[in-house]
């Protein structure tokens, strides 16, 4: 596996399976003296944590990281930072039959092919969305470190079940229990989730993330530009099937005269009149807000019967997935994308 | 800069500026004994080369790579493979004023901020689309190596200026001068390009790339999955602003019951009935065709006057870009995306 | 810091400080299905563990790794393998004054300069020899995995306090409490250690490590050859100040006609008559035993008064180091070098 | 192969075979605006170049690098720097029979095993000492860049054929045709080389390299410390069989009270009274001169008949190597080690 992100300076190693003793992360390459506000970090982690409301899985985990190393008196000490979260509320019996009859839309089948039957199947193993918790520990800390430098990383639901959050995304919606700008749209989204749940189904959506305060000149051309790095991290989040920057796919239908962001001067700073580029030109930040969106597929675990195959007999089998699942992971994925972006951006500026 | 792609086994180093002595690449990590069909490679490179038709820049470059090292008797010898392409047809005078007055939509401004005035500005320097030629040398060779293993990498224009190529993409369109399935749609696209050119403007589009023949089990979870690797390479292509796999952004509007690809057995092989996942589950191939699309923004270099800023005086300036430019790079980018995909996929299977 | 070893396939992340909650490691990139014999591993770790005899520090730590993730039913499951060892027997009060008055021969001063006062100074922090315990967890597991393939990794004390272990190193001395071939020489070495301890001093030595069973053709030329990789890992062990392969520094005094290992055929296999090359030609194994030696400096922590400097006042200060220290770490370093070699070699053969 | 050095910031890709069209290098990760004095670089390369005196091979190569990319107006422009050296004076006929009957002490056999007969055997291919020329291009440029920062990298012959250069190594001997401090010792060394040549034999030696002016605090603990990085690069130089820092292997015979470098204050700076540590504690520079030595084995190519094996018939064969060879590569290796050290150190300080 390659569960180690090797950035320019940072190395982020994420470990654990859904039902192993613990999950966790080691973040290597941090400077010494970085303050870590564990209370604010916990609040950040709580935005992702399951079992807190009506639209997510009833599995409850405290998701309280224990820092084993790398912290001293509330600051990084220069040594690798390691945090673990114990897995307490596991119900392995839910997953026994999926080893032979893989769930559509899940990694059950591909993992079985790759790991030849040795994988820790239970709960999705290392492929579980639960592994985004340690990503949030790392990203939550780096998001704090960016904030100290005046760089904010905020995401919102941009669309869910086809319902758009039309409002301008000017500031964080992090304090909201449902991270949208337009609460009326948010209410519709929640209804769509409940309706999907009632029908034993699930819905997906699109998350928008904005990084503000990034100075111009951050990034690289070619293989390690801002887009490459962010995309590489964002595709580490299960269920992400697309990433776009600025106008993104809509850019493909624009003409150059419309898409090119004209330069202007604002308060002595070079800016652009529009921001179709999403703050990135040639892989390098131009000082405008860095904007990207990620497409989240509908949760593959649904209550409805689905068509699968028995891998031993190669005969068709109808599968009804039991266990506890989110009818929509989009709201919980919002801080996860902030975390992924924070890792990518912080790695580019140290 | 980070113009070295560090894959699992491959290291691809791309060098050169638009108007330097030469551009080229070193590909390290290849096994010994890989045959290189230089004639087929040249045909592949010609699909990208400029100046061959009415929709691309009149700049003509032979784009014939000279192999300096790594080849012996038509096969790789295990040592790094290095090829260079001399820059012969350069007109540096076209670019003199852009150092102070950056072109909207280009990396002129961000490169100037990052490299503090030392960059080789001429022709776009290292940021020029011309640097996709060495990527095509590397990718063209690896595409051959994949073909030997029964894995094909083919792309087509999926949409251009809003016009869709609706046809099912069953086989390569590489032999066509305009790479679409539906030639009638292709004709409309060409008209749209000519119309944009006539108006001093440009258009963008979406390219679809399909990798067939990939066995199940290729890839990794988390940071180095197929999606992460492909995205990392595809965003190295200038003008790409979005990448999606399988149903991609459309997945966000589907329900799980619709998006999940039901498993079935076909000729003794596990397959899926639909392919919304684009052949990837959990970062790992499932044996179905790997499908991705990339959004290409309209060429930023347009003949129309644009609003810019004089970086010395910080006063507004109207800029009219001279020089030779494509009104649409989408057709030429088709083999480039095949090359990027071939590098990503080959690196995952050796 | 860079406490993550990035090999060809393996990523080994080591974390912890001497007095942090725990120390540990994550080993990413292992294949699934590798059996881990935890009892044999514990025996291996015990060879390194402190407090077990008269020549090492009285600090006692159980050094029992807890596997948090990556193991299932005694085998690797493909997910990263994480093990932690709790730090239980810490006496932080021993180290309070060393922050201002650095110990000669230690990293106290350089760490203070680098980490600007934020480092976790206590017990040597991340620089402590204690961090070789997680290296031994990783290396001990990989040494088992190599043994399954018929590759053995064994080390012995080659010289200690100037006393040579002259015997031919044909097989493992791992089961011995003092790892030498010639027990009489070993007895002399132990006397030398006791004598140094009695005088408040310490001694160093040279460890020889032999890897047998490695097939020819393993390795790479240039930057990632066997020598480069082994050296890179061996210099991660505190107190190592030199590494040599085969005849090593003695080769510098040989003539080519003496040093060149003549080829011969033995039982249908190409071998060499002598093994001055230490089993490596051009960075690649030649099928002969891979032999290297590492010079271990005398333990810097000695009871004698030493000359230091007060970093605040920049005035000279006489320092007497308290705390518990080994008068010689060479015996305990023997399995550590086996571990380092096992990581390097295993990474080259998968 | 892995002929790409991946440092913290730098990526150095070295390509070419002894008899390929060209050899060369791409150095990626340099800041923009670094001046390159090509004349001084040529003088540096001439110190390594063959055919200039009575102790090296009569093969003459101009070894004049052509910069294909990355330079503008004598400065780096931020894009990767690529230089090639054409191979002009190749005599491939000299090497025809060595493919079947490998030379003792060379990589002929191991390369044949690894590359399965596809390697470019001629002249040693990619394993040839000739590939140290591009390393010197990279290192020569970085040595200039270090000098601008007050950091000098100088090496000398420390021992050759058992003859020591006893003099204190205070400043560069780069301007000397034979790089020793004590010219009388140097004369003896030259006689030893001539004597070896006359007898169809070769001699080895030890090179000492000193980096002065390095501030304290440069480096890392564990896997990417100064020692690890330097060792990794130095073992990329063919014929190096050992590396030691400071007192190195002699440290193994010292007591702690003797080896520990006492701290003192000199002109307001923390220094050490002795420098047995070679300027490195815990992988991090302590402000004292960084000192290391590398053991160079005697040139394996000797005129004398040697015992080899016919790889096809597996029968013994007596081999007499023809072609042009150095009876001693130690003098020419002096700038190569400076280059390796410069790459390692520069990568640690940017």
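All chains are identified by letter, namely A, B, C and D, in their written order; residue positions are counted from 1 within each chain.
We adopt the following convention: a residue touches a chain if its C-beta (ideal position, glycine included) is under 8 Å from a C-beta of that chain, and two chains touch if they have at least 3 such contacts.
Predicted model only: the values in this text are computed from it and were never measured.
Visitor: Touching both subunit B and subunit C: give me those chains, sorted by label.
Guide: A, D
Visitor: Could you find the chain whose CA centre sits the greatest distance from that of subunit D?
Guide: A
Visitor: Cα centroid separation between subunit A and subunit B, in whole Å?
Guide: Whole-Å distance between the two chain centres: 27.
Visitor: Using CA atom averages as chain centres, what separation in Å is found between subunit A and subunit D?
Guide: Result: the chain centres lie 46 Å from each other.
Visitor: Taking the mean of the CA coordinates per chain, how far is subunit A from subunit C in Å?
Guide: The computed centroid separation for subunit A versus subunit C comes out at 39 Å.
Visitor: Could you list which residues of subunit A touch at least two other chains?
Guide: Residues 1-4, 6, 8, 14, 111, 114, 126 of subunit A each touch two or more of the other chains.
Visitor: Please name which positions on subunit D make contact with subunit B in the complex.
Guide: By the definition above, subunit D touches subunit B via 1-4, 6, 11, 13-17, 20-24, 26, 28-29, 32-33, 66-70, 72, 75-82, 84, 111, 114-120, 125-126.
Visitor: Given the complex with subunit C, which residues does subunit D contribute to the contact?
Guide: 1-6, 8, 14, 102-107, 109-111, 113-114, 126-127, 131, 159, 161-162, 196, 200-206, 216-217, 219-225, 227-228, 231-233, 235-236, 238, 240-249, 251-265, 268, 270, 272-273, 276-278, 280-286, 295-302, 304, 306-309, 311, 314-316
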